[in-house]
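Structures given as structure tokens follow.
First chain A sits with chain B, and in the next complex the same chain sits with chain C.
Now for the complex of A and B:
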């Protein structure tokens, strides 16, 4: 158990280094003098701009050798000192706190919705492979997987907000506004997890211990409930780790689409506005979110499958 | 970028399954549209004609015109060519280094392998789209960071699969026998390793192209990818969206085209397997 937690911690460190290094290069590669740009942004371009830029250079330590600057930059990232947004001027950490909450709600409800849909469909298709439900579920999964999240979101928006008028197309505040973006992500996630569940349930249903539970006269519900579900859940849960990629990427897309004020929305805006401290902050948080989901999946797998514990 | 991970290596034997045939057929049709379309259709995808703004389907314009009166047929054909072309180039730029480095890692082992593993781990530490977004911050709206970012994330899958498979093949007794009979590395590579990895690389390539098509259109749709005058399918959808009430089919056409492209590639890659 300690092994994979250490691995996840290392991954978190890697995320910080990659994001930090890319943003460091970004800051210095963008055209123009960084100190001059920041000074102009802070005090306005006037006659004393060169003097202000010189002060800024000293303040930010831009006159020192690159390696020293880089080490300090990484140190700042690790101490979670992310600087100030170049656009709003407020500390990045402060903005991230608000946005992270919104994004977490979205990601969590999307995941919960997908778990209500995907594994249930998968269970019924897996118990009768090749049956009507299975074939219908396969067709659904293939189609939903081929639709990119932003197209799916637009379709849902057009159907539920424009045609039926049931839900607001964008905004933030109540669960009503969150339903459409969460549903967009959940359908994509469920399309994947339903097939994984189906295969794993079909494999369990063929296993000798499953047949034995039937032969000894247990009712069907007990056979599936006690002997099927937990075993079938192992691949589904470990597959959630792969789905974390989809979830984090989907959050960026869906938040931008539905104007949902989360981290992904902020990241896209920061990229458009070239607000590098914000790019760094948001990318870092989303990357760490990805690592945290992966770590939770590790823990769940560990709890579900005692064989992993014995091996470790 | 997530679909690339979930494929099974169990290849169906014998006749191509129906799903795969359907995917291949779909791709041939779309490929013809993307390659021959821009040559046959005389209309310029950027030529504006405000008197024909939002022209209906079937009038002067075969598939109607958008809000600037640009021919949708021409824009769809050019958009399909752009998506296909960019996805193909990205796939090549990911597959070539991925396969070669995978072979090198499996063949040499030792420090070569350790170094390559580390690079792969670094790339995989972040979700792929985040890396592309970070690179796009250098130059929003340009082809170069988009192309570079996508191939940078996609090569890892090629590398991993090639390395793992090659390693397991190299450890088998018939390779040792071939070596002892005096056959060189080149012969072993061509006759024993390539036939095993080729079908896997083909599957991965189709997945990588589907991933690239989704990523390019998504990034344009959230306005950090290619910028509007370019006939790009994702940005076409977003551009036409405000006019949905007047011309709903116009919005759905590019969306359909993206979905069909991705569907064709995914079906070709995995056939009937869920």
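Now for the complex of A and C:
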């Protein structure tokens, strides 16, 4: 257990360094003058913009050597100081707290919705592979996985907000506003998790131990409950870790689409405005989220599968 | 229970049809208390299908006709739901390869206890107590908290027997209960099955091992290509077999073989000196000297887990010894040191025809296809088999293809790792006979690993006993 924590901590450190370095390099190689964009973000584009940009460059130290700037940022991160937003001037940590909370709610609701749909459809598909449910579910999964989230979000908006008028197309505050963005993400997630569940259930249903549980005389509900679910859940839980990738990437797109004030929305704005500390802080938090999710998935697998416990 | 004059299970004119045609025809047999029945035959002879027809779990598409009368009821007239209600209650199955039949993620005790809990409907505490008794009955009292992957094959088999005992059904069907077990474990399993018979249970055993049939006694039915070719009391059938196949089957029993030890005809190809290996803090062997010369078969025998395969891998250079040195004759390509694997289907790519695999091999090593043809002829493999998938030929044929594949590279040393233990006795004898002939003709050095002492002593001048007490060389 101790080794496991140490390994994850090391991984977190590595992720932080790599993400930080990448952001730093990418932000600098973007075309255009960063100081100019920041000045525009702060004061709006006016006639004396070139002068403002020059002041900005000196103020923020953007004229110093790149290595010095990078080392300074790393040093700040080590002191848990993510700096101040170049646009609003408030500490990045404050901004992130608000936005991260909102995004977590969105991601959690999307994941919960997808778990209600995906594994259940997968279970029924897997118990009768090749049956009508299985084929319908396959068609559904292909469609919902193939449509990019921004198209899917627009379709949902058109149907549920414009045509039917049931749900607001954008905004933040109540569960009603969260439903459409969460559903957009959940459908994509469920498309994959239903197929993984289906394959895993089908494999378990064919396994000799599953047949033997029936030969023992156990009632079907006991066979599925005691010998089916846990064994079938192992690959599905492992896969949830990979789905985090889809979720984080989806959050960026979906939040912008639904004007939902989360971390993805903030990231897009920060990139446009060249708010370097914000970009670095947001990317760092997202990267660390991967590590946390992977650790949670590991712990779950560890609990579900005794064979992993032996190897650890 | 009163003693009945009628048999408790009688099967009359049982046939099993698939959409392609009849695969089992006209089986009749009767089981009574104290009179177990054993069906003997090779894989594909239909003996497992007979068991499945009784159990009521024939694969989809297969259909049984005839009569299977169990205590006055014809099981074949019952609905699938009625038949399923019998499982674990009046009919119970001892599965083959129980390490696959046990739930890999559940400890053993709850897997036994659930029979008391959900089939016999006892409360949780009582079920656990009963399950502990069942495990103690097969000397697994200490193993309740283990997961299946932490147990040996023999322990898994005993856990399955504890489950069969817990079910306490009247009829017990044992489907290849000794498959993959070494002789010591095999004998302990048959002894436990005998105990179930003595306790008054009806027993139907499916096996390809004549020794199991002999130990169980009662009636023996010999099956070949879906028919019962001979059916007689055990003593009579084993002493005076009538059908040619039964005779071949009995003659293939390793204990009955003519000893045919080949003497070394050339110089030493491979030698190990002072070899030692430990595993899990247990010494498998230490200070072991071994040498194999061209033209001889040296055997290593011993129970599962004694380090036979490890020794072979060390000699091949696949794993390092803890101490000692391995010397190969100088100037030989590593390709000339080959291995034959235990489970032929696992040693072939499953979705590739045998011809494709061999063509690739010939091209890779710049050999001539005529060499393949010569070997096909030599190993009596019909050329029509080349276009089949590995799953479409019998285990014996596939192992002969594996032998062909190894011989194609002109091996100087061949390590046969339990190469015949998964084959039925007739195919086993066939493969070993070919191996002996090849050794005489072209003179590779062969290291033959087996758990069967009879085989080891019959085919080698030198057989090394690798039990846990340390290696002992027996010479004769």
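Criterion: the second predicted complex is superposed on the first by the 254 of 312 C-alpha atoms of A that agree within 3 Å, B and C clash if a C-alpha of one lies under 4 Å from a C-alpha of the other, contacts with A are read in each partner's own complex, and residues count from 1 in each chain.
Rule of thumb we're sticking to: contacts are C-beta pairs under 8 Å (C-beta built on N, C-alpha and C of every residue); 3 or more make two chains touch, one makes a residue touch a chain.
This structure is a prediction, so every number in the text was calculated from the model and none was measured.
Undergrad: Using the superposition on chain A, decide if chain B and chain C clash or fit.
TA: In the superposition, chain B and chain C stay clear of each other.
Undergrad: So, A:226: does it touch chain B (first), chain C (second), both, or neither?
TA: In the superposed model, A:226 contacts chain C only, not chain B.
Undergrad: Looking at A:216 after the superposition, I want to know if it touches chain B, chain C, both of them or none. Which is it: first, second, both, neither?
TA: second
Undergrad: In the superposed arrangement, which partner chain does A:302 touch: chain B (first), chain C (second), both, or neither?
TA: In the superposed model, A:302 contacts neither chain B nor chain C.
Undergrad: Please work out whether A:208 is in contact with chain B alone, chain C alone, both, or neither, and reply first, second, both or neither.
TA: Touch partner of A:208: chain C, not chain B.
Undergrad: Once the shared chain is lined up, is A:267 touching chain B (first), chain C (second), both, or neither of them?
TA: A:267 contacts chain B only, not chain C.
Undergrad: Who touches more of chain A, chain B or chain C?
TA: Looking at chain B versus chain C, the one contacting more residues of chain A is B.
Undergrad: Can you give the closest approach of chain B to chain C, taken over C-alpha atoms and in whole Å, for the superposition?
TA: Checking C-alpha atoms only, chain B sits 5 Å from chain C at its nearest point.
Undergrad: If you look only at chain A, which of its residues touch chain B in the complex?
TA: Contact set of chain A toward chain B: 11, 14-15, 18-19, 22-23, 26, 29-30, 137-138, 141-143, 145-151, 154-155, 158, 162, 192, 195-196, 198-199, 239, 242-246, 248-249, 252-253, 256-257, 267-268, 270-272, 274, 276, 279, 283, 286-287, 290-291.
Undergrad: Contact residues on chain C for chain A in the complex?
TA: Residues 55, 57, 84-85, 87-89, 92-93, 95, 97, 100-107, 114-115, 118-119, 147, 149-150, 163, 167.
Undergrad: Can you list the residues on chain A that touch chain C in the complex?
TA: For this pair, the touching residues of chain A are 207-209, 211-219, 222, 226-227, 230-231, 234, 304-307, 310.
Undergrad: Please output the residues of chain B touching chain A within their complex, sorted ascending.
TA: The contact residues of chain B facing chain A are 1-3, 5-6, 19, 121-122, 125-131, 133-138, 140, 210, 214, 217-218, 221-224, 234, 237, 241, 244, 248, 251, 255, 258-259, 262-263, 266-267, 272, 274.
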